[in-house]
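One structure is given here, and the rest of the page talks about it.
Lettered A, B, C and D in written order, each chain numbered from 1.
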């Protein structure tokens, strides 16, 4: 039976220390819940931190890489090499049962929008009020906000239970 | 020498009569400026209207279609069949020298975000204040707002002149 | 009404002088027949030669480019930037009404195979007997052989007339 | 550390009972060697059989699916939803450390050609002499032939050891 996959999207090179810390803890909690972490797979920012967090708790990690020569996070178990740049963002969201967005930037925004288009639930972990208002206005049923990792996990449990 | 291509993105089935009218006029103006219109190519909403507008003024139109069996606008000269669903949105923006977004929805939002990621100029034609604030906050230099078709055309002229 | 598009696929950096010459003449003949030439768009080999040939006769050319920073043939009118490497080969064949393969190599072979999978006609212009036998064995109705540019054009006329 | 992934490509709906049996045994042997099986993920032919074989020996399976609504093999652990049809074939080969092709058809041929283009080793398990001759002629160093599952496994061991 296919495993439950949680996509964690977020800022790359520009991630703040707090976003890195949040992503790391998210990875730990997702792994402890028995779910697989899916990310953009590169060796920076949220993608790297969430994967390292998951591995620190014995979890499994998938990285959907943009290029053949992308520098991969050392914490990826299953690298999927797309070689299609940001068009891979659509694969990230389609392959995830639910998505957490950690921080905000143009790449992350594209993933949230593609997720809504694909009718996937997205949990926003950002204090960017403009982003919160905009994405909630696009679809208030699919987009929610979490202020803490614990709250994000509780929301994921509800969302994923509904899908079964 | 490659022709100048202006991407016009926007709402499909849910487009309002005013968005349709704006897109049609945009297509006319872009064609009269001697540029090619690129859109998502389907037979609905902004994609269809902008292509019909361009053809009504003797312009040329490219449609980047999501599926082999997508219903194509009758006003497309050059259909590019990607068969890759919304992952084609990245091709739409990469192949355009500048982008106009007409109306707002999840698909359009993904294209604007991918355009910003790719360092393309985007002109927003929407009265959605949350969208305006959010995308302007992502990158105020690449994202601008136009209230009229005439204003959008004037902005396109400046943007495209800078690229030469 | 959408224009008729003929895809010409073939060897890149390793093209022989004779393949370059054949591709150039093919481009001339396709343009004179009123069809658009579609190729991989790069500045080398068959893609470049067929586009230059078409332009020398006033034709129109589409280039489906693999990368944002691919060096483009100077004879491309409409560059479509996919940024998805060889996965673009599927777009090349889906967007063409018929395909001519000029020379042989791994990339060209992938396009011929994808074309057959998509039920597109392919005309082989190669003296590689193994390639001829193999692709004809995959589908003898969709794959034919042309020894001269004139013969290829005559075959294209029959194939494209049947599609109307 | 990323796991070792073996791609097994092959015929879908038209697979023969013997190809199904070979694929099933291949899946068993690959799982017993500790490697992950990657396939096209659908519920038919070689993709389904190799995944079922791997699961019967406690292995792990990845399925790179063409569509959101593709019918998935019940033996897939990690479905990657590309929604990009046969353009996903490039992802299949780029994400595999080595490839085994079981049976022959247009889709399989495109994967072998894309694999050679990407400098991946391909082991052919087919008695199609034309296919053997053609792909060996494209690149005799990357393409080899196996007549039995045991022989394919021995070749994989050599190929994968060289990559470390």
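Things worth noting here:
Just so it is clear, contacts are C-beta pairs under 8 Å (C-beta built on N, C-alpha and C of every residue); 3 or more make two chains touch, one makes a residue touch a chain.
Quick caveat, the model's predicted, so the values are computed rather than measured.
Chain centres computed from CA atoms place C at the largest separation from chain A. Interface repeat of A-C: among A-B, B-D or A-D, over half of the contact pairs recur, by residue number, only in B-D. Measuring from the averaged C-alpha position of chain B to that of chain C gives a distance of 29 Å.
For this pair, chain B with chain D, the centres built from the Cα atoms lie 40 Å apart. Multi-chain contact residues of chain D (touching two or more other chains) are listed as 68, 82-87, 90-91, 118.
Residues of chain D touching chain A in their complex: 1-3, 5, 36, 62, 64, 68, 72, 74, 76-84, 90-91, 94-95, 118.
Considering their complex, residues 84-91, 104-107, 109-110, 113-114, 116-118, 128, 130-131, 133-134, 137-139 of chain A touch chain B. Across the complex, chain D is touched by residues 68, 82-87 of chain B.
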